[in-house]
Amino acid sequence: MPWSKIKPEIEEPDFQSVLGNTCRKVAYAEAIREALDQALELDERVFVMGQGVDDPSGMFGATLNLHKKHGRTRVFDTPLAENGLTGIAIGAAIGGMRPVYFHNRPDFLLLTMDQLVNHASKWHYMFGGAVHVPLVVWACIGRGWGSAAQHSQALQGLFMHIPGLKLIMPSTCYDAKGLMLASIADENPVIILEHRYNFKHTGLVPEEPYRVPIGKGVIRKTGTDITIIAVSYMVTEAYHAAETLKSDGIDAEIVDLRTLRPFDEEIILSSLAKTGRVLIADTGWKAGGVTAEIAAFLCENGFSSLKAPISRVACPDIPTPSGFTLEEAFYPGAKDIVIASRKLMGWGR
Amino acid sequence: MKDSVSPDKLRQLYYEMLRIRRVQLKIESLYHLDDMKTPIHMYIGQEAIAAGVCAHLGKEDYISSNHRGHGHYLAKGGSLKRLVAELYCRETGCSKGRGGSMHLVDTSVGHMGSSSIVGGGIPIGTGLSLSIQMKGQGRVSVVFFGDGAAEEGVLYESVNFAILKQLPVIYIYENNQYAVCSQISARQRGEIIFHQTNPADMFVKVVDGNSVLDVYQAAGMAVERARAGDGPSFIECKTYRLRGHAGAGSDVHLGYRPSEEISLWEARCPVADFRKRLLQNGDMTAGDDEFMEKEIADEIDEAFLFAQTSPLPKGEEVEKYLFRG
Amino acid sequence: MPWSKIKPEIEEPDFQSVLGNTCRKVAYAEAIREALDQALELDERVFVMGQGVDDPSGMFGATLNLHKKHGRTRVFDTPLAENGLTGIAIGAAIGGMRPVYFHNRPDFLLLTMDQLVNHASKWHYMFGGAVHVPLVVWACIGRGWGSAAQHSQALQGLFMHIPGLKLIMPSTCYDAKGLMLASIADENPVIILEHRYNFKHTGLVPEEPYRVPIGKGVIRKTGTDITIIAVSYMVTEAYHAAETLKSDGIDAEIVDLRTLRPFDEEIILSSLAKTGRVLIADTGWKAGGVTAEIAAFLCENGFSSLKAPISRVACPDIPTPSGFTLEEAFYPGAKDIVIASRKLMGWGR
Amino acid sequence: MKDSVSPDKLRQLYYEMLRIRRVQLKIESLYHLDDMKTPIHMYIGQEAIAAGVCAHLGKEDYISSNHRGHGHYLAKGGSLKRLVAELYCRETGCSKGRGGSMHLVDTSVGHMGSSSIVGGGIPIGTGLSLSIQMKGQGRVSVVFFGDGAAEEGVLYESVNFAILKQLPVIYIYENNQYAVCSQISARQRGEIIFHQTNPADMFVKVVDGNSVLDVYQAAGMAVERARAGDGPSFIECKTYRLRGHAGAGSDVHLGYRPSEEISLWEARCPVADFRKRLLQNGDMTAGDDEFMEKEIADEIDEAFLFAQTSPLPKGEEVEKYLFRG
């Protein structure tokens, strides 16, 4: 698919990341690949599996050629049997390994809900801590070029509802690497949902292995007037929106949640306390999704700081259409964030 | 039986394959223009299967298709214009520009939709056969799926149910030996277990999927059985896709399959082979062939023109069709 | 299991239902059974399937002996193959039938997410309206007697996030029948999640067939001080809470949503406009669940009416424990609603 | 081989079965008191399977169990005290009162947990065998599952993967002919398809699940193969559950299975049969038997006392154990 036609390769916004001393500009996919390479190198329990991890496209580049270096026992292709293979990965994890299971799209995770939700998420609790499941499941949200209803779902809203799973959505090359390494090191099942559009970015990434703490958000831009809580690719959209808002005289703060479960309560409560206005931007559906939980949490716990309704920018509650004119209408972006932000600023004045 | 196929039928089978091939070559030739903003999965090399199977089906019979569905759609009688319009994301497309190449449908000819979730259409096609049985309709439901889909648990679950209820369903297993870039040997060992089914429970047959007559013959038996209430069938068609997994053109450069392998199968092209045979046996004249090519080319031109000049869906209507009623 | 020990059979609270002229007291299960019996009688396209629908327990009584009257072709037992059979039901629906697929527990629906979410919910939209899927999927939430993590999940929070599915949770015998008949008559996939505790109730139910409109909530008790939006069995708990609150001088209004997708926006917005205070009570997990969406919706659309934070009473975000001392700590009830309501009433005074 | 089993081993097999039986009868006899507030699924009638299989396993080998798991747990060497305490929902239970009867675990003897999602443990047990293979441990992973579970797609997916990778996994298919009240004929037609697997890919055997020696012998071959790196095995044990699906006591009154059928299988009780045989063949004396009964009875009494006097989990600790670390 000519993806390059729908989103050019660019450098990611300059988010002022905390950088190591060996930073280089690397592509998003390469950041993940490096994390995997290092994890495979440093920990013999780690292995990488998934339909196509060893193929010429190498999972959009994220697993490219790892099998050549680490062998096909540790980096292996799988049959198309997502639920069974998730259970197999769980079993391997229980048996002391650290599987990283790759999927092209989150849509395919719907086949694995039984093993992820009925099993992986409950195994530690249900047995009073006797067993645990250090498993990483990775999938990349599709968008554009007619990916349509069954190949473009952003399913974080589902996983956010499940106790016992950790849920990660990076937005920068730096975090993509650091959160992958943190997820592999975690003793619990972790789901990483990437966004295809982030793969068009390059950013500064240290060469040595490092971990970005799970459960901690980060402020991508400080501001005083409105808090934009953004997830995954929407962080980039929020960044562009903030630039536009600046010319309106609106100083937006951008919080990148990075981890959705458990999410960083403190960082959003204190940003709300500062600005009094909150907009939440997600790549998934609105109803019952990520924006719902964050809004409800803030309304419950930060009510007295709220000067305006909590605004939610998310996909409309319909399946993704294929046609490009409809995609255009379907996906929210910087423009929607700008419009909603201006509206929020109008409140209580 | 092969000999009992009339020259008319032979030419019809050829026409069907040729038409599928020509449509796809046209799509391929224009894809680089980026006007068809939809993923495409070419059926080139597998035409004999859709053509051979669907030759036995009427409009009232059902098929259930997958991401590689252009051939199934056309062989079943789906509107070419609406197919092309769907690739161009038009409101006049068979799915009104909501589905794209992987989600074709034409209920007027029994094409009830295709799933791009690998294996997803297998139980749905099985369920269509349940509706046939419950209504006593004497129809048939055909499920097309690949060797990747054959690994999904729903196949096992569906076949068990079809056998249990002796449903009028025919599983057409299109084994092209690859799932994306993954060779079947990386995913399965030996032949699929359903070949071992007790013949009293399910009719099983393995055929050369590049021979339209072999497919035609096996499918004929399966359809006859299904209509007679004699239960399900499972037909493996051994075949090969001549193009890349997705997009247009060859994928030799990717290096995941030997170029000799591709050449070998190119030499076994189901369309060219059958053409040669018909000409040799005198079942078709060069004139017939030319006429067909012309007719198909005209139809294709017309379809592309229709598609390219059709209106695009309006953004305001993006929420339409969520629910019926 | 000696369920009777954990919840006695009682008459449901007197909710002042709109009644037909042939009302009788019937048990909750019988109300559903009657709906199915009538649907089978009136529409030859209807059939009932599921593991155990024709067995001596008859799905807690909800399908009892229907196969004897309507035959085993129309009321049939199934293999244990939930995803496959959901697809088969979808196919049958596309082929013009009206399947009603029964599951003992919502937990088993996790096996069917691929067919429900990737297929049933999208089929109509994805094909521009060419095909539709009139399918009813039914499951009953388990609770108590050590049902534990894999047999007691209240998964409405997941389904609430999915466009293209309707989601129903009745709380009275009257609605159990009327919503079942409405769901079977609906042209779209509908999920009905029942609660095991409701099955201990008896209530007034008309004999003739009738439909309760999908998407409409109902006020179970009018009040002026606080709005309690409750779901499924929590309606009963809310009712008891309201009785207690009365003695505090707090006059609670109880809204029973009945349909969670699409939910009745008007009824909750106008109740909020009246009371200014909202508590939402659900039988499922809190984070990212039903209470999240309702709270977020109200915060977004009814902000100026809010006199206090929106309070959420739901299960803690952990798997369900088996032991009864832990179950006691896990499940919220009238007491929690009372405490949270009192707290809300303290706001802004 | 049967003759090659030493009298010691024979008595040990008997002891194991007897112990499982006695524990369950005790549970049954007290269940009506409602102090064990957990669903129970009796293994009565199937003891020969767990006993015969686990006799070949060491503590370092794995098993994956299901809702009907008391027998698997005990045969694998799980702590009886902690089993009973789990039924009594105590903090001292094997799952600390968080799991209940359907969620047993004892990692110190390789019991890595049981799933009450039918079929859910099949891929997990397969994955355990993958970890064995990757670590080169020479262990075995055994998966117990029933005829209902055999219909789930994960079995097909798991077996395909086990065959593909030639994993050291043994599938023990406990066919007791019912899933809840549903007779197998309402769910399947004919024998399970995996019996037809190519022997080079997977070792397949059908045995009388009520004969501990038959099970023992077949399992022995499977374990040997697995340890030698010769791949997976699939053993169907034909058996019958003598009690109701869940809860205590008979379910004859429900009428879903003929009382003659139950009587027939009661007459084929795996424990009583084997006892008779051992006594007849002189492999066990009446004194041995009495001694065993006494020892088991004492152990059971002690376990129940332990359980009944153990502390209950504290409500404040309900959120404990969500995550590790």
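A, B, C and D label the chains in the order they appear, each numbered from 1.
Keep this in mind: a residue touches a chain if its C-beta (ideal position, glycine included) is under 8 Å from a C-beta of that chain, and two chains touch if they have at least 3 such contacts.
Predicted, not measured: the structure shown is a model, and the values here were computed from it.
Count the C-beta contact pairs for C-D and for B-C, then tell me which is higher.
Greater number of contacting C-beta pairs: B-C.
Measuring centre to centre, with centres taken as mean CA positions, what chain is farthest from chain D?
Ranked by distance of C-alpha centres from chain D, the top chain is B.
Compute the distance, rounded to whole Å, between the mean C-alpha positions of chain C and chain D.
Spacing between the chain centres: roughly 37 Å.
Quick one: report the Å distance separating chain A from chain D, using the average Cα coordinate of each chain.
Between these chains, centre-to-centre, one finds 42 Å.
So, what's the distance in Å between the C-alpha centres of chain C and chain A?
It comes to 32 Å between the two C-alpha centres.
When you check chain C against every other chain, which residues touch at least two of them?
Within chain C, the residues that touch at least two other chains are 78-79, 81, 83-84, 107, 111, 114, 118, 125-126, 148-150, 163-164, 317-319, 321.
What parts of chain D, by residue number, touch at least two of the other chains?
Correct list: 93, 95, 97-99, 103, 115, 117, 120, 151-154, 156-157, 160, 164, 187-188, 322.
Spell out the part of chain A that touches chain B in their complex, as residue ranges.
Chain A reaches chain B through residues 1-2, 5, 51-52, 55-57, 77-84, 107-108, 111, 145-151, 316-319, 321-326, 328-330.
Residues of chain B touching chain A in their complex?
34, 37-39, 89-90, 93, 95, 97-103, 115-120, 148-149, 151-153, 179-182, 186-188, 246-247, 254-256, 312-319, 322
Inside the complex, what are the residues of chain B that reach chain D?
For chain B paired with chain D, touching residues are 151-157, 160, 163-164, 187-191, 193-194, 196-198, 201.
Using the touch rule from the top, collect the residues of chain C that touch chain A in their complex.
These residues of chain C touch chain A: 83, 107, 110-111, 113-114, 117-118, 121-122, 125-126, 148-150, 157-158, 160-164, 261, 285, 287-293, 295-297, 299-301, 303, 306, 308-312, 317-319, 321.
Given the complex with chain A, which residues does chain D contribute to the contact?
62, 64, 93-99, 103, 105-107, 112-113, 115, 117, 120, 122-132, 134-135, 141, 153-154, 156-158, 160-161, 164, 320-325
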